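Below you'll find a set of structures to go through.
In the two complexes below, subunit A is the common chain; its partner is subunit B in one and subunit C in the other.
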Partner chain A sequence: MTMQLRRRWSRWWDTFNIYHKHSLWGLAFVLPGVLFFIIFAYYPVLRAAQLSLTDYNLLSPPRYIGLGNYQFIFQEGSRFYKALVNTFEFVGGYAIPMWILALALALIFTQDFRGRGVYRTLYFVPIVLSETVISIVWRLIYHPQGIMNAAVAPLTGGVKIPWLTDSNIAPIALIIVAIWRVFGYYMIIFITGLQNIPGEYYDAAKVDGANRWQVFRFVTMPLLRPTTVFVVVITLLNGFQSFVYQFLITRGGPNDATTTLGYLIYEEAFPNLNMGRAAAISMVLFAMLIVLTFIQLYLLRQRYDT
Partner chain B sequence: MSIRRLTGILGLLALLACLSLATVAAQEPIVIKFWSHDYPPREAIDRDIIARFEQDNPNIKVEYTIGPGDDFQYVPQLLTALAAGEGPDLFNVLTFLVPDLIPDGAVVPVDAEAAGYASQEEIINSYLPGVLETMIGVDGQLYALPTELGNYALFVNTALFREAGLDPEKDIPTTWEDLMALAPKLTKRDASGNIVQRAFDFSYPIPDEILGGGIAFQGMAHQLGGEYFNEERTEGRINTDAWVKTYTFVRDYAKEFGGMALTPSSIGFYEGNVAMLLSGPWYLPQLVEANNPELAKDVITAPFPRWKEGLVNDGGSALYAYGLHVNSQSSPEVQEAAWKLAGALTSEPERYFSEALLLQPKLSLTENEELMQGSFAAMFIRDMANSPSLPSLKNFGELPGIMNRALERILLEDMDVQESLNIANDELTALLAKE
Partner chain C sequence: MDTTQELGSYTVGRGRVVTGASRRQRILSALGFHAVMMIGALIICVPLIWMVSSSLKAPNRLFSVPIEWIPYEFRWQNYVEAWNRAQFARYFFNSIYTSVATTLLNLFFCSLVGYGFAKYRFPGRNVLFLLILATMMIPFHVVIVPLFILMRDLGWLKGASVYNALIIPGMMSAFGIFLMRQFIQTLPDELFDAARIDGASEIGTYLRIVLPLSKGPLAALAVFIFLDTWNSLLWPLVLTTTNDDYRTVAVGLTTFQTVHGTQYHLMMAASTLVAIPMILVFFVLQKYFIRGIALSGLKG
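And then the complex of A and B:
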């Protein structure tokens, strides 16, 4: 019986050529990873898409309502629009200054000077701390009697800035926290990218008489492009999904000024028990992130084409 | 050994195994998973009662868990656990969740016999009239046993009153108009004009503020005849004159003497830079004695202020209640044991009142004049008469959000009070339509 089975298997296996055999082995090896993604990534996305078409409050079974949730979030005056604008403002306000700061520091820290390692470490430290801890600490820093107001007191004449309770200032306060936490991390990534640029290119540029700006513009930037694309895409994805600071520092306030899409999803889902509506907003955010990912692929393809 | 004999022996062994399993199962204790929110003075009493309950009922074990942080964190965790089928068998939660819990079959009616009563009617009759209304479903059945009925009154720092040359006995404001008039005398500013001491402040929707502003605002509006919605629960009523006057007062006070940009009044009071605030009796042990025990001796309380002009209802702040509920997904044996435990946890209201300043609104407690006389919390109970209850609505978190945004539009964007409340009222009417 066993021999028969073995012979059958052998005959079946011999029907494949070497290329197909390799492919089958490859498939076998990636199968656990694929299964993991199907169960923990794709299934939740599909389930969220399904939930977005229902009225569901966690306690009773979901009730199908078609596109009702999408109609609600896209109706005139909906909080979704404010959250969308806030999200774009947060991403713009956090990502662009962070890129510039991280790159500028990376350029400085690739120069040779004493204490370089110490400074690099100091700038990197915040990324080691959890966002929760950072949020609690910054809430104290932004307290009306906190050190932030003490620090700016000479500039404001002692007038206390309501960092977290003014709808114009609170979004900026969160952007400062977000930048402070990650710029050291991206600085290290830029440093790695800069160190991978062969020194011969700089030597050649010098021989050609290029000034510092020209070296940066025509040598550094093009060769740093893969790193830049990575940093840009990752920071944008993280920015669009931002939730922790909005939840722990401002709870989306004041007056929804820091309610981003990530926070609105939470608020609709848990205090408000509108799971379907939360799922609908998640799907819109998902679509936005898909577009971002396509842009990333397009930029990367351009890089390899050239 | 013949096959027949072998089969007989195996059969006998199987029978013995079944019998021993049944015996073990019979001895297996019933485990009640019990969750409650964080309030250390109550927790100590709970644990003591649970220990005695387990001694008296050796076949029942209780796993007591304190939920994380405030209700903002505790309630979502509870609901998620219930949805996942991992919820506690018995849980203590704000009763404004009831419209979400009962129609969806998440909780079961009170088992009166297990809780130590002859009937639900006997339970209802043993409590202050009307206080269990928010715990009764549309089917007329009682779904919870109350662990706390609460309201807000005025906490006064008498040291700051004396420092300002005021008499804490005579000068405590009894009306909102008096409170506004008294504010300049107790407000201090630094050279830059920053307020460094406040006479009083409301609770605003700001980080770290643990007191709910809505409990006070609803009481203020109710005094003027205001209500959240019409009797049919089809239309909002939060843009009426009563609400406009309430929010106008809050705006005017905040602009001149307090506001959202300052430290939460619940913190400022125990730090000694807010002379008066509105809170429940639990505020004294939970925050004042815990953070500034020295201050506690200077703290007295006074009734929730009334309106001098236009008073329609002579009531205090809104009432809120916590109740013990039993999970419908638990087995019948566990449900019965859970109601038995709930009965035990609500059988010593005097102890909760004197040691944790919590009111389990039983007649046996409120009619206990000896206990009431000289009690810190007795004034709160007297102030409950004619007070409204926090409304119970489906999608419990939306109403506080609607009211908070209305206030923030007024305070932060200088929006006209009427206009802001019109927006809020439309949102509330849309929410009511979901019911």
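And then the complex of A and C:
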């Protein structure tokens, strides 16, 4: 054990000596980055963990209350549970259709056709606008007398759908906005991924007489896996943190139907000044996202290997 | 990836058409295809068209039936009125200032740190790089409360020092460092050796070799960071709840909505004012933007 340690140390020292000057420059270049992330990422995470054990309203000093905040949020029927369920519904409802749409469009856009660039640009425009602007515009669109109801009137026979005031419909309304804004972005990522697949694979599949579905299933899907992993991880991470639509379009309502974890953390922390409780919820969110990411990476890697 | 060139001079279905398919069938399938694509494009654009159209209407014509796509009468004064109801000039200044500063800081630091990781060997390099990369996993919601308290303790919530709080926590991005490192790694080592033989200092190599050769990824990163900062809402919202003078356009628009929420014609005018610069930036820098996205997807 000590031998091993000593050997490791001497190897470290050798590397250090050989590259002495060079090493110091490298360290100097990366040092601002390391310090920055310690101060603005690692320290706040630890501080959040600590705050989650306190009762703190920013005005009087934090008071240690043990697991009190966690007990509070895990009470039966708490807003936290409701927000948790809403968050999963939002993420599932937005991510899965969005992946399918983005991938399908990417497959179309890697073919040649007239006007490809124009369509691609148009499909991409919403991502440029901020979620803020988009939320405000969609509030008007979802107005009972707005154009959304005019558009669905032939299907509903003129019955006005209360898009934002019905607790069953409002979550769907937000999902539509979320998909509408970002699918163009992930479409571009899928297009890049598809373009990076070497053409020889397709030629080989054609020689073997594969049909279109088989090409997609056994050539495109496996070779697109790195891109897919990236898209899945990023969309889920973003989805679980969704805040702006819930804040600007519905204010978490009606009746907490669109209160997601991202919105609840904001509400507890800033208008309500329950810093400790907000920190506790954020720690649960963090733990969930870490577990989720590892599960995804594990599953996706495993299937890749076989 | 190019965006506008090589737009096919081909027709749809090329290579897919079964031999013997008549010309008429091919034209029909092309028509059907374009019809679907155009409906898609329309669904995408209608909300934006509606925003501009509503911004020019009189309040009593907003919900007129049948739908008025082109306003009955163009009410340009909506824009004047919206502009005067809040400090939009200040909001724009604040947004431009914080976005430009954040972007420049990111370009400098991400390329510097990325260069350190890409072309130098030192003990602990991989650990430190992973340490930075791992922060991409930290949700902003986790750090927002402690960061806010940190800003308060530093005295950055009062007066003009709010700019520090708006800019400094975003002055580097793990993604940017990753992007720059990946790119700089592909630059040939001989280039750096040659520069050293010619007596260039380490900083000189960074300034005269790394920066000029990284223009492409730097441009992509710039577009990315700029839009991200311009569009961000949660952090500036929290910092300027009681400080109207330092609100960015996103926050200004949010508070405008709380105050004038039902006056949709003014809301739409304000939204259009905020959206136009973004759309212009996008169309001018589209190439870099799309390249940035493409780069971001390559890391998987």
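Going forward, the second predicted complex is superposed on the first by the 267 of 306 C-alpha atoms of A that agree within 3 Å, B and C clash if a C-alpha of one lies under 4 Å from a C-alpha of the other, contacts with A are read in each partner's own complex, and residues count from 1 in each chain.
The rule we apply is simple: a residue touches a chain if its C-beta (ideal position, glycine included) is under 8 Å from a C-beta of that chain, and two chains touch if they have at least 3 such contacts.
Remember, it's a predicted structure, so these values are computed and weren't measured experimentally.
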Ask   = Is A:9 in contact with subunit B, with subunit C, with both, or with neither (first, second, both, neither)?
value = neither
Message = I'd like to know which partner A:48 touches here: subunit B for first, subunit C for second, both or neither.
response = second
Inquiry  = Applying the document's definition of touch, where does A:143 land relative to subunit B and subunit C: first, second, both, or neither?
reply    = both
Message = If we overlay the two complexes on their shared chain A, which of subunit B and subunit C does A:270 touch? Say first, second, both or neither.
response = both
Query = In the superposed arrangement, which partner chain does A:58 touch: subunit B (first), subunit C (second), both, or neither?
reply = both
Request  = Tell me which of subunit B and subunit C touches more residues of subunit A.
outcome  = C
Request  = Please work out whether A:162 is in contact with subunit B alone, subunit C alone, both, or neither, and reply first, second, both or neither.
outcome  = first
Task = Quick one: classify A:298 as touching subunit B (first), subunit C (second), both or neither.
result = neither
Task = Could you tell me if A:255 is touching subunit B, subunit C, both of them or neither one (first, second, both, neither)?
result = first
Request  = Considering only touches as defined above, state whether A:121 meets subunit B (first), subunit C (second), both or neither.
outcome  = second
Task = Would you mind listing the overlap between the subunit B footprint and the subunit C footprint on subunit A?
result = 58, 143, 145, 270
Subunit A contact footprint on subunit C (complex, rising order) = 1, 3-5, 7-12, 14, 33-34, 37, 40-41, 43-48, 50-51, 54, 62-63, 65, 67, 109, 112-113, 115-117, 119-123, 125, 128-129, 131-132, 135, 137-150, 152, 169, 171-172, 174, 177, 202, 206, 227, 230-231, 233-234, 238, 241, 250, 253-254, 257, 264, 267-268, 271, 274-275, 278-279, 281-282, 286, 289-290, 293-294, 296-300
Key: Residue ranges of subunit A touching subunit C (in the complex, touch as defined)   = 12, 15-16, 19, 22-30, 32-34, 36-37, 40-45, 47-48, 51, 58, 108, 111-126, 128-134, 136-138, 140-141, 143, 145-147, 150, 180, 184-185, 188-193, 195-196, 225-231, 237, 240-241, 243-244, 247-248, 261-262, 265-266, 269-270, 275, 278-279, 282-283, 285-286, 289-290, 293
Inquiry  = Touching residues of subunit B toward subunit A in the complex: what are they?
reply    = 72, 75-76, 79-80, 82-83, 100-101, 103-106, 190-194, 204-208, 259-263, 394-398, 400-401, 404-405, 408-409, 412-413
Note = As the complex stands, subunit A meets subunit B at residues 57-60, 139, 143-145, 157-160, 162, 164-167, 249-251, 253-256, 267, 270-274
